[in-house]
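Some structures to go through are shown next.
Across the two complexes that follow, subunit A remains constant while its partner is subunit B and subsequently subunit C.
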Partner chain A sequence: MIRGAYVVLAGLFILTPLMVVCVVAFTSASFVSFPTPGFSLRWIIKVLADPAFMRPLANSVLLGLAAAVSAAFLAVPAALALARGGFRGAAEIEAFLLSPLSLPALILSIALLFYFSRLGMGAGFIGLLVGHTVIVLPYMLRTVLAVARGADPALEEAAFVLGADPWRSFLHVTLPILRPGIVAGALFAFLVSFDEVAVALLMSTVSTMTLPVAILNHVANNYDPAIAAISLIKIVLVVAVLVALELGFGLDRLMLSRRRP
Partner chain B sequence: MALNRLLCLAALIASAPFAAAVAQDKIVVTSSGGVWLESAKANFAACFKERTGKEAEILLSASNEIMQKLRASPGKPPLDVVVLSETDAIRAGQEGLLEKITVEKVPNIKDVPEVFRKQWNDFATIQNFGAMIVMVNGEKVPNPPKDWKTLIDEVAAGKYGKRVSFPSLTMPWGPMFTWFLTTLYDGNEDMVFQKYKAMLPNIAKYWVSPVEALNMFAAKEIDILVYWDGRAYAFAEENKWAKAYIPEPGAFQSAAMLAKPKGAPDLAWQYVDCVLSPKAQLGHAQMVKYPIVNSTVVYPPALKAQLTPLERVRQPDFQVIIQKVPGWLDRWNREIR
Partner chain C sequence: MRRSTVALLLAPAILFLLFGFLAPIAVGLGESLRAGLGLYGKIFGDSYYLEVIASTLALSAVVTLISLAIGYPYALILARARGWRKAALLLLLVAPLLVNVVVRSFGWMVVFGRSGLINAVLAAVGLPAIDMLNSWTAIVIALVHVLMPFMVLSIAATLEALDPALEEAAATLGARPLRTFVHVVVPLSLHGAVTGSILVFALCMGSFVTVMMMGGNSTMVLPLLIYQQLTVAGDQAFAAALGMVLLATVVAVFWLQGRLVRSMRS
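Up next, the complex of A and B:
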């Protein structure tokens, strides 16, 4: 009973602000107010028809996917090496790879801006991708490392004994074992990248501006409820992805190892 | 095989923006968002397109972000025309990041009075200006005080309850407002900070975000708000319960500074000239409801009534402000925040 009440309270604590955003998105007023004086689709329609929001939304989705993929390419080999250990400095390397968690994103952003400018590249998609990969790498590494450390090395050995070369063994044995960690890490990576603003603020250009930066710019100069409308669209998009994953593959199947203790 | 396909896809995704960039034949300019962006598109970029046949891509960017980008690439700026805050424009000029505006490069500059350029040594010019004035809920405060000093004293005395919001010193134009208050108290900074402190118990919030401030006023959480004139008049026009007025003896001038970074192509001068052209300037004033700087522009009477006249505003001494800001911020954080 007490546990149930606690769950309801925690749920309300998390959901109530989101509910306010959802309600304000349908306001008929010209400014953000709650409760709303009336309901209308005007702000939803305005945002959906406005390239100033839709192009950054597409950029954010593309960037989130690219950052998750590139973080996976870096994190999976690193996680395997760290899980198998057996070399000096493994603990230090793990700490180094997780260190972006403690690095202020704004500092990283300024450093990237000056670094890429010196390389003659300036702000742009590559800079954004590098910045976001650095930021999301620890999330991917943690989840893959956790699965890799719990994996049974005998399975890979069995593949070798049965004649598989290292590449086939990796593709057909190791990768399926790591899949829950990779999918969970990719979800985290995508969501973190999708919401990231500090790096995107300095590294984005006209054509690569991300949704959080577009929202920030809009908020700085406008008081209309378009922000609530785009926030609602963003929430719907993320929930839709999670629902699609659940219906298509099953989140449990994707994110949890089949080997239960 | 699957891995190979993934690698190819990732490479393709990463290279796509580069391919687009190579094909671009346009300049990149900055603007604030919302109505500012709409005006930049409708007035400035349209004029530029008409003159040159080329596009001006508009990047929404704040002054401090622009400064970081200019400092990161001196001589090879990623931005071709920028809009900066007054103090950032002075700093950028001093740091050699901007090119001087001359009548040969920008013919329309001849119609911009010197007062709009002098403090910036011609490295930047004001494109439009505004003033910080007072908004009141006319239903709750039918007879607001006529002058700033009375307003401040009455707020400190609690006459309006805790339903008042003034700008924070930490917001970008906070130092300018503080400078303006010092002019009301014979240059006495201590007095200004005493007043800030005396008002504190009756201030709902010293606002940092303009949107947050206007939302508080729109939601009727506060009855008095010190705010930008253009948006204040526009809001009052839409909401009859709201009034906006300039207390005596006027207000301080705040401005959007237009500049061309050093190293940007000469084509960018055409955009600067467009921004200062009479047609674009009038169109801009009509959209954003702020006064512009081209002296040949004649406002329609209805618009003129909504704009703060130049003689009602005082232009801050930005060199003084740049020197004072660190000390003021330190004092604000210790005594007021």
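Up next, the complex of A and C:
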């Protein structure tokens, strides 16, 4: 009884701000109010045709993909070494590679701002990509490391004994084993980058502005239902990516390694 | 695996973090020290900046305690649930994580705003409207909403690992459910509660978008002050010095966690 009431209250607390956004996205009014006086698609249509939102959306998708791919190229070899190496200092190196997780992104953001202006580059896509790759690298490393630690090293040894060179055994044996970790890590990495505000706020320029920054700028200047509409579109996109992955590949099949019989 | 192979595999990630993470922070530290320790003297010698640091710590402490109070029962129910109930509770908990902080803050603005949900409810029962936006309460509620899932997941992880046989043993030996809970379940899940609290506290210390959107300019916290120094005042060196103070605070919090967890294990 008490438990049921608690879950209902907690659910209301968690879902209310999200639900309110989804409802206001369909308002017919020209101002933000809840409940809404009526429903229409005017704000959704307006936002979909507005380059002030659509360009940042494209930038965010591109940046998220680029950060996920960069993180994979850095994290997969590192995870292999950490899982198999058994060398002195492995724990310290792992802690170092995971350390960006515990740093407030704002500090990284200011630091990158000074750093890139010292290098004479200023804000821009490279700065954004470096910042986001630093932030998502630990997520990628952790998921790949978890899979690599659970994998059976005998499989690679078998490939080696059968005469495969290291590169071929990596490509045909190790990589398929690590795939669930890489896919899960890339998904996390994309979602984290897609949502990141602090680095994006200081490092993006007008032409490389990401979606969260565009939304934040819009709220600061005009408080209107366009925010709700673009937010709803963003939520739908994230859910669509997850559903597409689930239908296409099966998320649990991608993320959980096949169990050995 | 040979030494040289290990080095070759680790090199890209280590070099990337050296040049993309440590070097920028070193440059930031250098920027803040350009005029010696003067900027730090300005921060610690001025009551305004000390008040901002104190209010940042106070806000983080309150948000952490409320997240713990609301999150602990959720973690307990989540850890005990089975089958579809567990999946549903987990989905409910992590669904907001897929929604941007900016969007969630906007949602709370609609809830608290003049023509928002709360005032609609108040009007329906005949009560006068209140303006909750730009208040400390609004900031705390929105921050708890953002950070509570991290608390719940940390606690649930330790509760999951708890052997149900321990509780059964306590019950068999005649302990009432409440006694079992206080003397068996709570001490064994303390580890998760400490980890979750430190995580929420540290994340809260660094949040500024939620504070900026919910609080207007009513509440000043360290990260927001840093952001304003950069964008409004344009004082880069001072922003760097404030950033280093924030960094030192967060590092101290994590150091404290390490000590607490180690002393709990022994």
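By definition in this document, the second predicted complex is superposed on the first by the 243 of 261 C-alpha atoms of A that agree within 3 Å, B and C clash if a C-alpha of one lies under 4 Å from a C-alpha of the other, contacts with A are read in each partner's own complex, and residues count from 1 in each chain.
Basically, a residue touches a chain if its C-beta (ideal position, glycine included) is under 8 Å from a C-beta of that chain, and two chains touch if they have at least 3 such contacts.
Please read all numbers here as calculations on a predicted model, not as lab measurements.
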Clash or fit (per the criteria above) of subunit B with subunit C on subunit A: clash
Partner chain(s) touched by A:Pro100 [first = subunit B, second = subunit C, both, neither]: second
Touched partner set for A:Thr133, first subunit B, second subunit C, both or neither: second
Which of subunit B and subunit C A:Asn222 touches, first, second, both or neither: first
Partner chain in contact with A:Gly124 - subunit B first, subunit C second, else both or neither: first
Which of subunit B and subunit C A:Val32 touches, first, second, both or neither: both
Touching partner for A:Leu57 - first (subunit B), second (subunit C), both, neither: neither
First (subunit B), second (subunit C), both or neither touched by A:Ser207: first
Subunit A residues touched - subunit C or subunit B, whichever exceeds: C
Touching partner for A:Phe114 - first (subunit B), second (subunit C), both, neither: both
First, second, both or neither for A:Ile182, with subunit B first and subunit C second: neither
Superposed model, subunit B segment overlapping subunit C, candidates 5-13, 41-49, 59-67 or 185-193: 59-67
Contact residues common to both interfaces of subunit A (with subunit B and with subunit C): 31-34, 73, 110, 113-114, 201-202, 219, 223
List of subunit A residues in touch with subunit B within their complex: 30-34, 52, 62, 65-66, 69-70, 73, 110, 113-114, 117, 120, 122-126, 129, 171, 201-202, 205-209, 213-214, 217-223
Complex interface listing, subunit B residues touching subunit A: 2-3, 6, 9-10, 13-14, 16-18, 20-21, 28, 32-37, 57-62, 65, 68-69, 72-73, 76, 78, 209-211, 214-215, 218-219, 238
Subunit C - residues contacting subunit A, complex: 1, 3, 5-6, 8-10, 12-14, 16-17, 20-21, 23-25, 27-28, 31, 70, 73-74, 77, 89, 92-93, 95-96, 98-104, 106-111, 113, 115-117, 120, 142, 145, 202-203, 205-206, 208-209, 213, 223, 226-227, 230, 236, 239-240, 243, 246-247, 250, 254
Residues of subunit A touching subunit C in the complex: 3, 6-7, 10-11, 13-18, 20-21, 24, 31-35, 73-75, 77-78, 80-82, 84-87, 93, 96-97, 99-100, 102-108, 110-115, 118, 130-131, 133-134, 137, 141, 191, 195, 197-198, 201-202, 212, 215-216, 219, 223, 227-228, 231, 234-235, 238-239, 242
